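Submitted below is the structure of interest, expressed as structure tokens.
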Amino acid sequence: MTMAQDPQAVQAVMLDELLGAADTQGLTWEIKNPQGRAMPRISGIASLTNATPQSISFLSNPKFFGQLASTQAAAVLLPARALEHLPEQTPFLIVCCEDPYLLYSRLSQWFEKQRLARLSRTIHPTAVIHESAHLGQNVAIGPHVVVEENVSIASGVTIGPGCVIGRDCQIGSDSLLHARVTFYAGVSIGERCIIHSGAVLGADGFGFAPDATHEPGGWSKIVQFGGVVLGNDVEVGANTTIDRGALDDTIIGNDVKLDNLIMIGHNVQVGDHTAMAGCAGIAGSTIIGKRCTIAGAAMLAGHIRLADDVHISGATSVMSDITKPGRYTSVFPLAEHSLWQKNAAVLLQLAQLRRRIRDLEKS
Amino acid sequence: MTMAQDPQAVQAVMLDELLGAADTQGLTWEIKNPQGRAMPRISGIASLTNATPQSISFLSNPKFFGQLASTQAAAVLLPARALEHLPEQTPFLIVCCEDPYLLYSRLSQWFEKQRLARLSRTIHPTAVIHESAHLGQNVAIGPHVVVEENVSIASGVTIGPGCVIGRDCQIGSDSLLHARVTFYAGVSIGERCIIHSGAVLGADGFGFAPDATHEPGGWSKIVQFGGVVLGNDVEVGANTTIDRGALDDTIIGNDVKLDNLIMIGHNVQVGDHTAMAGCAGIAGSTIIGKRCTIAGAAMLAGHIRLADDVHISGATSVMSDITKPGRYTSVFPLAEHSLWQKNAAVLLQLAQLRRRIRDLEKS
Amino acid sequence: MTMAQDPQAVQAVMLDELLGAADTQGLTWEIKNPQGRAMPRISGIASLTNATPQSISFLSNPKFFGQLASTQAAAVLLPARALEHLPEQTPFLIVCCEDPYLLYSRLSQWFEKQRLARLSRTIHPTAVIHESAHLGQNVAIGPHVVVEENVSIASGVTIGPGCVIGRDCQIGSDSLLHARVTFYAGVSIGERCIIHSGAVLGADGFGFAPDATHEPGGWSKIVQFGGVVLGNDVEVGANTTIDRGALDDTIIGNDVKLDNLIMIGHNVQVGDHTAMAGCAGIAGSTIIGKRCTIAGAAMLAGHIRLADDVHISGATSVMSDITKPGRYTSVFPLAEHSLWQKNAAVLLQLAQLRRRIRDLEKS
């Protein structure tokens, strides 16, 4: 069951009212209703294939123009270039706009806002909140939450069931922590952040000094005294971990988006608007510029620096600085296993092959 | 301490009773007791090396036939082909069967069933369960669990300590959630599923529209309205995450087995019987066929499709469709670091090397 | 806000007292105060750039000698070889020592000890502790913890909020479990271990027997009866998972250090002092020697064996035994995407290229 299909999810609203009420700042749009149909009532957003006569849908990718013919949607967000591909009479109203994907995003936020407004905002009696904690107005705290000493929670914050907020943390206004998030002591996040379940902010960075005084190969722990600081509008995915710094802080810029199961090492710095997909890993003290994208399962070594506007492909390993914007890749190309075996075997003789070519060239 | 070694774990049972009581449907087996020993009492399964005189053990791999000589086991599951390698007089009874590994699996389930039957099945008073939740018969709920509005929990379900079940979730009969599992709102799972600790089902898919209306490089969140649907007999490993769909659902087929720390992106579809090992990652909207295996740390790009019966090697990256069954690999072969350095350096000149070969061929 | 900058964090202490009180066993150090300044009061450790006049700092890497000129630190740990690079009059006292990084580590532990000593050590009334559990002296248990039957918790142990400790677990003295750790039944850890939030010890190993008796491609679960055993001084990172063994135990040696989001499969054995960085994955039954290092996102296949003193580079895949100490790597070298495309395309023809070279050599 999708939430969008839940008839209770939202009171249906007239299409024109919806577009007027949603945040469309910076966007232009126009309802096209050549057949003069009645303005439809919209109860949710849906994909073209699963839309109902109360759905609004959208289409950006020309690859899917074919799906328009059979959609049940009451209205579809479309770019102007799609209009010429439509039949004279469409069974839906058209909301013509420059960027249907972005307008869809804004509409989705409006529906979410309505949904959230109906949820009760209380502090559950099973939550254990230290008396020194400071809670702003309209804060909601779920069951079995723990809030330790000297925590500051700004207005409009939601803390889901089972979260643990360590001492001296600061949570900016309107931020949302889903169920079972952990903040160690000394974590600070900005406004409108979204932290997903299982995320751990502020665990110890991985720091040990080699210490052979007791036994060869021994380790001595470096206690991690730094904090974690997130800017505004940061999203942190499920089970992602962001370690606290050794002495200084680990710093995540504004509008940074982190997917699930990402590992951010201690003292990493991530620039504004940078996004990372699932399973990415950033080793300690690495500095990433602004507006970078790190695709899924990419890995960055420690103590390196990426310039602004660098794009790392999926499953790529970055082992040294990248100083120029651009896209970078390091993936062994996929092949059927038997072909892979042959090529991999030759790969191990590559330096030798080059020598043989050189010899041939000489003779 | 292994549970199997716990003398309290199970009341010892006669070997023939055990084999009669366990689910051996579809399997054939025969107890061989040429020396006419007394039927032994079995209290648990053990490896050949750690077996006690109350253990049953098994052996499939001919590589380990040598361990038979010294095992203390009372009985051993063996394939017929092993019998000729045995001495005249074995110190254990033989359970001859076609597939010892599968029979061992079935016996392990019988022991587990006995263990579970002895655990008390109560609803702990610290659990916070919304009055609208519907609980079937014989449901067990641990301490500090949270069950939100309109949740439906079928008969025989077990929910471990600290789980959080969001509103509108549905849990099929006899499913088991270990401690500290999170279901966001609108997650539906089938019967006999096992969900391990730290797993997060239904967190937001990673969807953002580029939005330069405020600042270059900005992002606008796509609220994720889809759900997560799991079939029957699905197992989800510890700290694995399965994101909710953007508009439609993320769908996991029947008998799918997911190991730990796996990331399943939004709107992914996984076919029946497909298994994935630890640290695998599947990016959004990818469709995986039936009976596939995805080995550890393999990564699939988004919006691609894998046919049925495709097998992906460990640490392999898949960046486009795979339409034929088979095994596929993309791993740089391991070498000592100094050799790797040489080969990697040449690799970056590979296109140039090909040109040099072409030139040589021409001249 | 870093904890070190918190004025309440620690009562300032004279430099010579600090060095006398910290554990400097096996280390030599000497305070150099050529200008006969007053012995400074130290309230914390800081990086050279963020140090205050109450900070002690350190420097090992000659690369950063330049930062000494502008630091505000009251004292700096320095190796003897750094002294010749200093001006006649330094604004700080010098603690000359052989290994500043190790001495810093020991001082960081002293500060942490002071901080911990000020925290109250109570058993929170919301913790649900089974009456059969045995708790040593001076045990601290946070809110919403669950401790099941027959658990043994030694003296000085700290269990953070929301942890779940399954039946028959054993926790050695002075170990620390941060918030929201899960131990399944039958997990045993040694003394002075540190387990970070979200870690899951003892979830089922990933074991299924192919079972076509119901449907082709089906799976039959192998119930996992083994335990998990950790030695002393083990650290386990946030959201790391260590699976229980199938029949025998999964075994982690003394002084093993595991970073975040690591997956340790069932029946793995890890030798003493081995360290693994974030996102590493070790498949089932693999045996790793002593004093190995496994860098971030490296992956080891199952059923293989690594000798002592093996070092695996980041993002490297190991698919077979490594019998000799040394460093091993398997990473496709990074390139700009367009160059990568060219080289990757040629890579798929590598076996064919070798043949062409052979042909050239023959003619």
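Chains: A, B and C, in written order; residue numbering restarts at 1 for each.
Here is the rule we use: contacts are C-beta pairs under 8 Å (C-beta built on N, C-alpha and C of every residue); 3 or more make two chains touch, one makes a residue touch a chain.
Molecules present, by chain and UniProt name: A, B, C = UDP-3-O-acylglucosamine N-acyltransferase.
Here the structure is a predicted model, which means the values were calculated and not measured.
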Check your understanding: Roughly how far apart in rotation are subunit A and subunit B when fitted on CA atoms, stated in degrees to the nearest 5?
Key -> 120
**Study point:** Interface residue identity across copies subunit B, subunit C - same or different by half
**Key:** different
Review point. Just curious, how far off is subunit C from subunit B if you go by their C-alpha centres, in Å?
Key: 26
Point to revise | Multi-chain contact residues (two or more partners), subunit B | key: 126, 144, 162, 180, 198, 239, 261, 279, 297, 331-333, 335, 345, 347, 349-350, 353, 357, 360
Practice item. Using the touch definition up top, name the residues of subunit C that touch subunit A in the complex. Key: 1-4, 6, 25-27, 44-47, 49-50, 99, 101-102, 104-106, 108-109, 111-112, 124, 126, 142-144, 160-162, 178-180, 194, 196-198, 233, 235, 237-239, 255, 257, 259-261, 272-273, 275, 277-279, 290-291, 296-297, 314-315, 331-337, 340-341, 344-345, 347-351, 353-354, 357, 360-361
Point to revise | In the complex with subunit C, residue positions of subunit A that touch it | key: 126, 128, 144, 146, 162, 164, 166, 168, 170, 180, 182, 184-186, 188, 198, 200, 203-204, 206, 208-211, 213-223, 225-227, 239, 241, 243, 245, 247-249, 261, 263, 265, 279, 281, 283, 297, 299, 301-302, 313, 316-320, 326-333, 335, 339, 342-343, 345-347, 349-350, 353, 356-357, 360
